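In what comes next, subunit A is part of two complexes: it sits with subunit B in the first one and with subunit C in the second one.
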Partner chain A sequence: MKLLTHNMLTSHVKGVSKGYPLLIKATQVKVNEVDFNPKFVSRMIPKLEWGALVQAAEGLGHRQDLPGELVSDYEQNEDFLKKVHRILLEVEVMEGCLQCPESGREFPISKGIPNMLLNEDEV
Partner chain B sequence: MDSSMENNVKTVRRSKEEKKVLRKQLKASHTLLKHEGISTAAQPTKSLVVANGGLGNGVSREGLSAALKEMGEVEGLVMPPHKPYAFVTYRSEESARNAHVHLNGQMIQCGDNSVTLYLSYVESVTHEEQTSVLLPEGLVLVEDFVSPEEEAVLLSAIDWSSTNDDITAQKALKHRRVKHYGFEFRYDNNNVDKDKPLPAGLPEECLPVLERCVSSEHISMMPDQLTVNQYESGQGIPPHVDTHSAFEDTILSLSLGAKTVMDFRHPDGRVVAVVLPGRSLLVMKGESRYLWTHGPDLGTQSSLTLSRRGTRTSFTFRKIRHEPCRCAFPSACDSRGAPSTPSPALPPSPPTLPCCRADAARLEEEYVHRVYDAIASHFSSTRHSPWPRVCHFLASLPPGSVLADVGCGNGKYLGVNPDVIAVGCDRSGALIQICAERGFHAFVSDALSVPLRTASCDACISIAVIHHFSTQERRLAAVRELVRLLKPGGRALIYVWAFEQEYNKQKSKYLKESNKEHQGNHSPTSEDSQEPHGKSSIHISSHLEDSCRPDDSMTDVSRVTDGKLSVHTNRTAFNTQDLLVPWHLKEGKKRDDEESGDSSKKGKSKEKNKKTSHNSCSASSLNPKTDPSPGSGSRLDTSDAAHIPDCKPSPSGNTTQTSSSTVKSELESSPAPVFHRYYHVFQQGELEQLCAQVNGVKVQSSYHDQGNWCVILQKDGL
Partner chain C sequence: MAEPRSEEDLIRYFCTAGNGMEPFLMEEVKKKLAAEDVCQLPGKVLFSSSAGIDKISDLKAAERLFLLLKQDSPLRISAHTSSAKAASVLQYRLLGDKNQWTGAVMTWSRLQGELAGSRTTARTPSSALGLMIKIEEGRGSRGKEEEEGSCLVESRKSPEEQREEENGNERLKSGEQNGTRTLEKKRKRNHEEEEEEAERKNVEKGKSAERGRRREEEAETGMDVEFNSYHGTDVNQSTTDLENNVESSSRTMDFTERLQNGMNTCGDKDQTPLIVGKSKPELSSSIPVSFRISCKCTGSLSRCFSAQEVSSVMGAGLSRLLGWKVDLKNPQLEINVYLGDDLCLLGIPLTRSPLAKRSYIKTTGLRSTVAWAMTCLAHIQPGSRVIDPMCGAGTILIEAAQEHEAACFLGLDIDDGQLQKASENTAFAELGHRIHLLKASSLALPLTSSSVDAVICDLPFGRKFGTKTDMAANLPLILAEMERSVLLIKIVLCVGGTLVLLLSPQLSFLLKKVLTGPSSHQEAKPPPGTENSPSPSVCATKQQAKASPQLSLLPRLSSLRHEATFRVSLGAIDGLIHKYVKTEC
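The block that comes next holds the complex of A and B.
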């Protein structure tokens, strides 16, 4: 699971109102090499929840020096875009789980894939 | 070809034999390059690819290794499972050159097998190839886990002089002796009585072994249940998956006494035979524990050099599970409604249309989810051409749009528009695995409850998904969920299979009779109507002549007389809206990725098939005893699927068997599995009507596309 996916995922346990963002409990993290496309990255940024991204990166120990708030004029800042690219698309949680911040329910991540299926009684 | 010309110039006289070798070598290399993405190097290196020297050719590691070691110091030998090649890396380039000179074009004997090896230099052997695992995912075999002394102690620790419980157990199970510790295992429901722990606990003699398991990190929690089975040779129990809800993930099985073979079977038909020597520990985790069945191989034991008479005692240590199972394999999970004993791929008594939510969920579990998990790789190999009008919709999305593909399958559409932020979800873990392998963002979830925030997507697509829901309510709920995800002004594209396969006097591709294929294979490969599948055709019934014209009597069509769902005959017109559609599973045969241009050229696909079949002939010799079966169904499989019928140049007269069954007959006599998927096919206007019931959204356009009804919805508010 890459952090881009994590940024979009939310807990959908019945009755939960504050299910975003999910807490990441990672037991295995991988860093891949993905082609850097600055245009794509800069288009992604406005679609993200920046705070959640920084929090997730921090939790994985991969924050490096990602700023707590978005810099202005980031479109031209290749350095910054590269950092975002790395944290969004290259860092991958292979094993672990995602935890609903409100209910505590855990969703397993196995071989890089989060399993968000709920049981009959949780829907 | 240039290099061969060069060689001809350099070596004045090259015998006919040598030329033949070189030609074959080039052809093998060329094919590998094409199908596997392996590039051969023009200049000598330390590494070589050994075509025909793979596990898929029946070549053993010992045999190949012996031959290679004679040429120089071998640094590494990689033999990816099921493949018709291997990689060897020598310490020095000189050794590699030596191997190339002496082994290229040479025959090697491996048991009953002899193959001709063709060597080519490669730049390097990737890490992925080196870490490929022979065994089912999650399975680890540790030999010599206990010493002979420890083995004796453990065997003597079991007191077979029975208690009352054991008498009952032994009476019921005529095939072996069994004793339980910690918790009683119940054979009537294949589960454990969690409320009745047995007073004695686990024998203390087991403690050192268990501690070794924990310290070696094979298991993280101490097991609290032990089942000891004692089998004479020829005795055993049928293949099974250990009940999910009864036990936690890792299961340890210590084999004492005689060696045995344990067969692991994947729902898609793959079989891996694992030899379990005495004193070995088998660790089952993940897929091997939750999805593959396991059971002793009683049939082919005699052909292995096993002690003919021997008692095997297994100590199976497990940890009782107290919470419901939440594994990634719901199709085999009794916590999610799957039966706890594996059912064969024979259809049970025909299902009926569900009348309540629980029934609907159960029907879909049996006739949609289990099936997709089982057929995932084969299914994926038939889904490689994105439909043009869907692509058109995707291309129309502004760059940077957030796109959700609900029911994304193998990720076919996730990469179509690279400027879009695409995330996919599907109910099938196996299909999502394929998405992950392709580098897409995807997760497992149900279309009725998608874990994405409300109004977070600029666009959604749901292609060939909603027709799998078995009640109108659920279909409506699926549309509502799509709409929920959309931002104001966002658009959704929905495709569902149409009842009316013929529209505007144009028969859909699904109905059109395919030309007779050279395989004469009568199994349907794809009823995906836009999928020009230059492969096998079905015997078309006379139904085709009756074109399906919408008329008044259609309104009664949806009700089947006794409520039982009928099985549809592929490639014929539909005569009912709720039905089961057969899928005949084929062993994995890769289709080339994303054929460019018009993939409907049957001639082109025939040519590809011919090439494939040529190579499969060379990979057809197998050692079924020690090697896993070919054609694992992995989508990376190419010609090594060893489709015997494909080697025949003319249509096989065999109309009832699929190629997978022919292959299997070498190993076991089970027929090719047929799976049934549930569909509710939509009548004209039905999808629109469904969408009209959802608030806050308007139907922007509605059309028929090759046997599907399609709508584009737009959410209000912009």
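The block that comes next holds the complex of A and C.
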């Protein structure tokens, strides 16, 4: 699971009002090399929940020097874009789980794929 | 490698297309190839373009690609005409001028060469090509491939074939460079390799050296299409094909000789440089080319002729006209003849396998052409987040990712088996960093609201039900599931986001119910989008009206605005592609 995906994921367990963002408990993290596409990154940034991204990156120990607030005029800042690219697409949680912040329910991650299926009683 | 083309290099092609795909294909050729004189016929699109053949063979909405040989008004032969007379009319109308034939074959041959050449340098996921890039020059790209692990894809070709293919393609390049020295080096290497081969392969000891040389020469002309258009195809198949080529190679040899002045025959090891390509070589009229005719006769003509008859009449005629030989098993050249009430069309296929069979997809689910058409409608932009809530093997996402480099894609499925296939497919297509997967249910999408720019989905509802009665019995369930899915999709979509759905015509009726809500008994208005929607929709909605009532929307109840519907063939059945846009409630 990449952090780009994590940024969109939320828990819909019955009764939960704030299921976002999910806490990441990683047991295996991989870092890949992925082609840098500045256009993609700069267009993606405004759509992200920046706080959740930084929090997740920090939790994985991969925050490096990502700022807590979005810098203005980031589109031209290639250095910044590369940092974001790295955290969005290169860091990957292969094994572990995601935890609902309210209910504590854990969703396992296996071979990089999170299992978000709910049981009948949770829907 | 491809020279810049001038205006005169406008070549006319035609493509076959699945029912309903023609408008998509027309748009595509105009947009990607700057095509001119684009004509649409049922199941076909004709166009002229000066774009490179590598771009043309990259068309996504087409089934097969042909070089146009001849296009003519339809044959009019009354059923009472004697078969002899009919045969002569056929030959007269279809065979025509022999220069037209030889010219077309020259163009075809040149295009084959270009296709082969472009495939050596292109970075396709084919393991064989990956290895070729490695062997040839050890470029930087190789290093990267290694890091991404793509070279770990199991090599499916024997080292002998790989090297021969490499030789064949290097020859194409070296020929163009006109370098004697390069040639010498390669001749030497071939000789060494031939020795190695002879040692390794006991069975074909005597033949291998000879065979190696013949193959090189065949590859040079680009006639040996199997060689150069591999995309991870079955090794056994390829071996058989190559062996067949040996048998017919004497003919190939002659053709090669004529085609390229000054070429030496096999067995001669002198270092005479080959003169390839820049000037059009003289074509003797008695070139023995082996060919086969495939014919399709429809409409009134099928009463006069059977496809077999046309093939044999034309085959005989061509042989006489050009001295070509008919070879039904493994011809060098295939000629497709289409005789219908609308026109006569003759063409030469340019690729071994249909364009619709993608090199980058291992296991298909939905037809790639239809999947691609759906992604076209989804209005994907750089930075778009696109999801497929029931992705299956991932066909739609892969087609979308191939087309849009600056967007990201998420596939969801509840089934482990499907996710496994999707994972393999995305890895095979080298798109693993842009297509992400999630195990989740479309009935409980674990995504935040307004987090998605486009949803593209082939809804499998009703497919698991065998009979109509099964369907009828489960209708309430299907309806409920559909309702919930659409509701959740609506929530996760951004305002302005698009929803593209593929449904059977029968279930499209249910969709209408879902979207109009409880007050479906109110007066149905014609869908607001249809009149001014993009061109492809018009005839489709008319057809759809026959199958089910037109989709109507009562704006105040729904925030999904219907924009267009297209009817496409999915093989045995038809499907309807619906496009919606989320508006402010």
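In this text, the second predicted complex is superposed on the first by the 123 of 123 C-alpha atoms of A that agree within 3 Å, B and C clash if a C-alpha of one lies under 4 Å from a C-alpha of the other, contacts with A are read in each partner's own complex, and residues count from 1 in each chain.
Criterion: contacts are C-beta pairs under 8 Å (C-beta built on N, C-alpha and C of every residue); 3 or more make two chains touch, one makes a residue touch a chain.
Quantities reported herein were computed from a predicted structural model and do not represent experimental measurements.
Engineer: Let me test your reading of the model: by the given contact rule, A:Lys47 touches which partner, first (subunit B), second (subunit C), both or neither?
Structural biologist: After superposing on A, A:Lys47 lies in contact with both subunit B and subunit C.
Engineer: Considering only the touch criterion stated at the top, classify A:Tyr20 as touching first (subunit B), second (subunit C), both, or neither.
Structural biologist: So A:Tyr20 meets both subunit B and subunit C here.
Engineer: Touch test for A:Asn119: subunit B only (first), subunit C only (second), both, or neither?
Structural biologist: First partner only.
Engineer: Quick check for you: in the superposed arrangement, does A:Glu33 touch first (subunit B), second (subunit C), both or neither?
Structural biologist: So A:Glu33 only meets subunit C here.
Engineer: Looking at A:Thr5 after the superposition, I want to know if it touches subunit B, subunit C, both of them or none. Which is it: first, second, both, neither?
Structural biologist: In the superposition, A:Thr5 contacts both subunit B and subunit C.
Engineer: In the superposed arrangement, what residues of subunit A touch both subunit B and subunit C?
Structural biologist: Common interface on subunit A, subunit B vs subunit C: 1-2, 4-5, 8-12, 20, 34, 39-40, 43-44, 47, 111-118, 123.
Engineer: Give every residue of subunit C touching subunit A within the complex, in rising order.
Structural biologist: These residues of subunit C touch subunit A: 144, 147-148, 381-383, 385, 405-408, 410, 414, 419, 423, 433, 436-441, 443-448, 451-452.
Engineer: Please output the residues of subunit B touching subunit A within their complex, sorted ascending.
Structural biologist: 286, 324, 326-328, 330, 335-337, 358, 361, 399-400, 402, 418-419, 421, 423, 425, 427, 429, 432-433, 436, 439, 441-446, 448-453, 456
Engineer: What does subunit A use to touch subunit B in their complex?
Structural biologist: 1-2, 4-5, 8-12, 20, 34, 39-40, 43-44, 46-47, 108, 110-120, 123
Engineer: Per the contact definition, I'd like the list of subunit A residues that touch subunit C in the complex.
Structural biologist: Against subunit C, subunit A makes touches at 1-2, 4-5, 8-12, 20, 32-35, 37, 39-40, 42-44, 47, 49, 89, 111-118, 123.
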